[in-house]
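One structure is given here, and the rest of the page talks about it.
Think of it as A, B, C and D in the order they're written, each chain with its own count starting at 1.
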Amino acid sequence: MQLGMVGLGRMGANLVRRAMRAGHECVVYDLNPDARKELEGEGAVAAANLDEMMSKLETPRAVWVMVPSGDITGNTIKDLGEHMDADDVIIDGGNSYYRDDIARAQALREKNIHFIDCGTSGGVWGLERGYSLMIGGDTTAVERCEPIFRAIAPGIEAAERTAGRTGEPTQAEHGYLHCGPNGAGHFVKMVHNGIEYAVMASYGEGLNILKNANAGTVDRDSDAETAPMENPEFYQYDIDIPAVTEVWRRGSVIASWLLDLTAAALVESPTLSDYSGRVSDSGEGRWTAQAAIDEGVPAPVLSTALYSRFQSRDLDLYANQVLSAMRKQFGGHAEKPSG
Amino acid sequence: MQLGMVGLGRMGANLVRRAMRAGHECVVYDLNPDARKELEGEGAVAAANLDEMMSKLETPRAVWVMVPSGDITGNTIKDLGEHMDADDVIIDGGNSYYRDDIARAQALREKNIHFIDCGTSGGVWGLERGYSLMIGGDTTAVERCEPIFRAIAPGIEAAERTAGRTGEPTQAEHGYLHCGPNGAGHFVKMVHNGIEYAVMASYGEGLNILKNANAGTVDRDSDAETAPMENPEFYQYDIDIPAVTEVWRRGSVIASWLLDLTAAALVESPTLSDYSGRVSDSGEGRWTAQAAIDEGVPAPVLSTALYSRFQSRDLDLYANQVLSAMRKQFGGHAEKPSG
Amino acid sequence: MQLGMVGLGRMGANLVRRAMRAGHECVVYDLNPDARKELEGEGAVAAANLDEMMSKLETPRAVWVMVPSGDITGNTIKDLGEHMDADDVIIDGGNSYYRDDIARAQALREKNIHFIDCGTSGGVWGLERGYSLMIGGDTTAVERCEPIFRAIAPGIEAAERTAGRTGEPTQAEHGYLHCGPNGAGHFVKMVHNGIEYAVMASYGEGLNILKNANAGTVDRDSDAETAPMENPEFYQYDIDIPAVTEVWRRGSVIASWLLDLTAAALVESPTLSDYSGRVSDSGEGRWTAQAAIDEGVPAPVLSTALYSRFQSRDLDLYANQVLSAMRKQFGGHAEKPSG
Amino acid sequence: MQLGMVGLGRMGANLVRRAMRAGHECVVYDLNPDARKELEGEGAVAAANLDEMMSKLETPRAVWVMVPSGDITGNTIKDLGEHMDADDVIIDGGNSYYRDDIARAQALREKNIHFIDCGTSGGVWGLERGYSLMIGGDTTAVERCEPIFRAIAPGIEAAERTAGRTGEPTQAEHGYLHCGPNGAGHFVKMVHNGIEYAVMASYGEGLNILKNANAGTVDRDSDAETAPMENPEFYQYDIDIPAVTEVWRRGSVIASWLLDLTAAALVESPTLSDYSGRVSDSGEGRWTAQAAIDEGVPAPVLSTALYSRFQSRDLDLYANQVLSAMRKQFGGHAEKPSG
C-alpha cells in the first residue's frame, strides 16, 4: 500500500526504509530538502510540501508523522488535518502524551479523519531489528494500515515463540499490537518507557555496587560526622565490570537487550569516563508516575528511578542544603568541604 | 576430567548432565539413593558415601557441592574437607553468602585444600540454556577446573557477540568468569540477584499500571478521606496484558529473558489469579542492600524492590497501624473497613 | 468585623467559635438546621439560606466556605458567587486543589468578586490550638480579612520565638501567612500535607523496626525460598513502644506534634490492635508528588510514603502476582501459602 | 551520688554540668588538661588520669564514657575495665553500635563489672533542654544510676502530659527509659536517628518543591531529550520559605523541633547559600536500614532518606554514567553538557 511520511529524521527515514523493503510505496516530506533527496535516491517519492504529498497519495490516504515530540507534532498534525479528506488516516509515531492523542483524535473526528497513535520502540536499532509498535485508534483505521505495521514491526522470528502459544501467531507475536482506542498505544508506550527507566536504574545501581566492591581498600574519612567502614575485609574485590556484563548476557536470569547494550558501551568506554553522569529524562517516565498516582497504584521503584535522574542533575540541591542547615543547628555539625 | 557432585537436586543433577554431555566423568552422591540411581542410569558413577566418592576420584580431586543453602552447605563443606587431601578442590555452587566463603576458604587453606565459590544462575532452564557462572578462588584451582566450567556454561553462541569485541573470545563470552579471590564469585552473583529483584519489580509495577488503565471506569469511593479520581476520562483502557508482554518481546528496548518468562506465565495463567502475590525473598537481595550501605553507595531502586517483597507479605502492618492511629488523633479519621 | 460561614461541620463550627471569641460577628449557614441552631445558641447569627446570609452581612462581605472538599466546594463557591456583589470576598478554607483555585478566582474576577484560598491545618485540635493558615489571593482582599485570620490563627505565643528574630513579629509568627496570588495558599498547604505523609511514615517505619526487635526470638521459616535469620542474637529485645514514644517527646531531636499524638494513641490502644492498617490518602499527597514531577524536583521520600499508603490497601496485588509468576517460571518456586 | 566522666567535649562537659546542677559530685577526666580545668572551675573534681579518677570515686563506682564514637570508645571502655572493680558500672553515652555493646558487656561481665549503654539525644541544646536517654543494661546497675539519669534527662515539664496518662509519672515521662538488656538503649537510639534522617528528608524535599514553585517562570530547555514543562501556568509562585517554616511552627500538623531548627537556620541564612548540600551520615541511619533488612521489615522511606545523603555526595556517579552510556547506545542520545 501507499504511505506518506512527514519527518525524515533518523526514525522517520528508517521507517520508510522498512516499509519500502516490504514493497510499500512511500511518499516522503521533510522541511530539509536533503533528507527528501536521500530517500528519493533509495526509491521513495519525494514531495516538496504537504499539498504535493496529498496529490501523490491515493485516497483514502495514510500519513505517518514522525517529528520531534511536543509542539511540533501538534502543529504538524493540525496542518495535515487541514490538507486531508474524510476517511484519511494520520498516524502519530512519536512520543506524544496519550492525553494529547485523545484531544487530537477528537478534533480530527469532526472532519471524519482517522487518527492513530503509535508508540514506536526501537531507537537507532530499529532499521535492522524492526520496531515494536503499540497502537491506539479505531479498528477501521488500524486494520487498514496493518500491512504497514507488519512491515515495520520486527516480525515473528524476532523472538522464540512463547511456550504454550499455538496456532496462528497473533498480532503481538508479529511485534505490533492494537492496544485499544485512541491514546491506548501511547499509554502502553509510556508505561514501557517507565519500566525502561527502572530497569536501567537496576543495572546502574548494581554495577555501582560492583565498582565499589573495593571500598575496603580505600581510605575513608572517619570522624564524628562519618561512619568508618566497619568491615573493610569484605570489600577487597576489583571486579572487571565489562567482563561481568558479558558473562551475565549468557544463561543468567537478568540477560536483556539493555544488558547487551551495556556490554557494548563498556567495550567502547571501559571505565565510562566519557560520561559525566547527568541523565536526561524525556517525559514518559514522568507521565508513568503520574498515571500510577492517578490510578492509586504503587510505583515506588519506577518513581525512584525517575527521581534518581533528577538527582543526577543536582536538582536535589536545596533539599540537601536544608539538611546541612538542620544538622548545623542541632549538632553544630559543619559541612565537610566538597574537595 | 573427573568431577564429584554432592547434592543431586534439580540443580546438581542438571550440572552433572551438562558435564557428562561434554565428556566429563562424574562421581555423584546424594543422601537420597533414588537420586543417585537416576544419574547412574544416565552414565554417572554413583557413590554410596563420601568415602566411596573419594576413592573413585583420582587426586587432585574436584568436588562440587550443590545442596540447599545455609547450614547444610556449611556442614557439607566441612565434612568434605575432612575427607579430602591437600591440593583437592571444593566448589560451592549454591547461593552462599560471600562472607561465609571467605571463612570457609580460610579454614580449608590450613589443610591446603582449595575452595572455589561459584555463583550459578540459570534456574530450571540451565540444563538447556547452560548456567552463567561467577567464580571466586585462587587461580590454580580455577584454571584446573576450567574444563568443567566451560562444559556447564552456556557457551559463546548463547548470545550474539558484542559489537566491538574481536579476536579470541574471552572467558566471559563463554559464559563463565573468574571474578577474583574467594567470595568474589558469590559477591557478583549476589549483586546479580539484587538487580534481578529490581528488574522484576520494574515489570511488576509497570504491568500493574497497565492493568489499572481502566480505573476511570470503576467507581471509586470519594469522601473526605479518599480523593476521587480527578480525570477518569484518561483511564478508560482495557489493556490485554498477555499481548503487551508479547509485543514488547520483539524490537522493544525492554526485551529481556524475564519478560519472556512473564509472557509465558501469562499464557499459563492469563489473569494471574493462580497467585496470591506473597513474594518470597531468599537472601541475596538483602545482602546486596547491605553491601550498598556498607560501601556508601546509593541503591534506592534495589532496596525499594526488596522492601516491596516484604510489603507483599504484610510485614508493614504495624507501621500502617501507627499511621491510622495518628490520623485518628489529629483528624478524627476512622479507618475504612477493609471490605 | 463580620464573617459569613458556609458549612458548619467540625472545622467550620470551630472556626466560627474562634472568630467569635475574638469579638467578630459571624453569620452562619449549613444545610443542616441543627448545626445552625447549635451555633446560634453560642452567639452566631443563623441564616436559613444564602439569600438571608447576604442580607445579614454588610458589604463588602466576607464569606468563608468550609464544606467537604471536591465537587461540593466548587458548587458552593459558584452558588455563592451568584449571590454576592462586586468587591465581596469568598474564602475557601478546605483542601482544594490549588489549580481549581486559579480557575475559580478567574471566574469570580469577572464579577469583581475576590477569591482567597486558605489552607487550614489544625484538625480536631484547632479550636484549642488555633489553625495554621496558608493564604493565597490578592492583597486587597487578604488585608481586609486579616482580623479574621489573626483571630483564627494560633497566635505568637503558640511557639517560642525563633532565635535571631527581632522586632515586631511577622504575620507568619502569628500563625498565618499570605503566601502569594491565588493558589499559593493551597499550594503551600498541599506541600505541608505531602511532608506530613512522609513524617508519619518515618515514625511508622521506625516503630515497626522497634516492634520487631524481638525477631530473633521468633521462629522464622527457613528453606530455599526464605532466608533464615543470620544473627538472631542481635534481635532479642522486647521494646515498650508506648514508653519509647514518651521518652522521645522530651529532649530528643525527633520531638514533634505528630509524636505527641502517637504517644496519645498508644495510651488509648497500647498494641494498636484496634487498627487494621489500611491507610487512606486524601489528595494532597498525590498532588505534591505531581508537583515534584512537574518541577523536575526529586521527592523519593515523599512519594515512597504515598505509595506505602497504597500498598497498605493492597493496591500492589497485581504487581506481586507478576513477581510470583516470574519466580515460578525461572525457579520453579511455588508461592508459600499465606497461612 | 558520685559520677565519673571520661571525655569532656561539648557533650561530656554539658552532661557534667547538668549532673552538678542537680547536686551530684562529678570526677572528670579528659586527655586535654584545659577541658579538665574548665570544669574544675565550675565545681567538678578533676583527675589527671584514670588511676586518680578511680581513687577519687567511692565504690561501687559509676563512670560515664563520652568520647568520639568508634575505636576510641572501645579502647576507653577496655582501659576503664582494667582500672575498675567488681560491681562498678561503666556507662557508654556515645553513638556506639548496639552490637558492640553486647560484646563489651559480655567482656566486662567476666570481671563482674556492669555495663550500661545509654543513647543520648539532645545535641548542642542538651545543656538547656536536657537529654533524652535510651538505656540498656541490667536492672541493678540501671537502678543504681537512676539519680544521674534523672538529673540529665529533660524532666516531666519538658512536654505537656500525654492525654490519658494518669498517676505517678513514669520513667519515660521524666525523659529517660530503661529499654531492656544491653544493646537495647543504643538500639532504640539507632532507630531514633533512622527516623531523624527520614523526617529531615521529608522537610528537605517539601521545601525544595516550594522553592521551585516558580519553575514555570524559568526557561527550561526543551528538546528530544528533555520534556518541556507542560503547565507552566501552575508554577508561578515565589514562596517565602523562611516565613512558611515559621507559620508551620504554629498550629500545623507538622510542627516539630526539627522544624523549629529549620526556621532558625533560615533566619541565619535565608537562602541557605552558606551550605553546599553535601550531607554527612554517621552510622545510625545505616544500622537502622540493616536492622530493617535483618528483621524483614520494610523501611523504604528511611532507606531512601539515607541513600539521598549518599547521592548528595555524588556517590551515584557510576550508576549515572551507566545510564548515560545505555542511552547513547539505544537512542544515540549524547549527554547534555553540565553547564
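Rule of thumb we're sticking to: contacts are C-beta pairs under 8 Å (C-beta built on N, C-alpha and C of every residue); 3 or more make two chains touch, one makes a residue touch a chain.
In UniProt terms the chains read A, B, C, D = 6-phosphogluconate dehydrogenase.
Remember, predicted model here, so these are calculated numbers, not experimental data.
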Query raised in the report: If you check the contacts of chain A and chain B, which chains show up for both?
Result: C, D
Query - Chain located farthest away, centre of chain D as origin (C-alpha) - result: A
Report task. With chain centres taken as the means of their Cα atoms, state the distance from chain C to chain D in Å. Result -> 28
Query - Geometric centre distance via CA averages, chain D-chain A, whole Å - result: 44
Query raised in the report: Just how far, in Å, is the C-alpha centre of chain C from the one of chain A?
Result: 38
Report task. Enumerate the residues of chain A that touch no fewer than two other chains. Result -> 123, 201, 203, 205, 207-208, 212, 230, 253, 258, 264, 268, 286, 292, 294, 296-300, 304, 308, 311, 316, 319, 330
Query raised in the report: Given the complex with chain C, which residues does chain A contribute to the contact?
Result: 253, 286, 289-290, 292-294, 296-300, 303-304, 306-308, 310-311, 315-316, 319, 330
Query raised in the report: Which of the residues in chain A end up touching chain B in this complex?
Result: 98-99, 102, 121-123, 126, 129-134, 153-155, 158-160, 162-165, 170-177, 179-181, 183-184, 187-188, 191-196, 198-199, 201-203, 205-210, 212-213, 215, 220, 229-231, 233-240, 243-244, 246-260, 263-264, 267-268, 288, 291-292, 294-302, 304-305, 308
Query raised in the report: Which residues, counting only chain A, touch chain D once they are in their complex?
Result: 10, 68-71, 97, 123-125, 200-201, 203-205, 207-208, 211-212, 222-228, 230, 258, 261-262, 264-266, 268-269, 272-283, 286, 300, 304, 308-309, 311-312, 316-333, 335-338
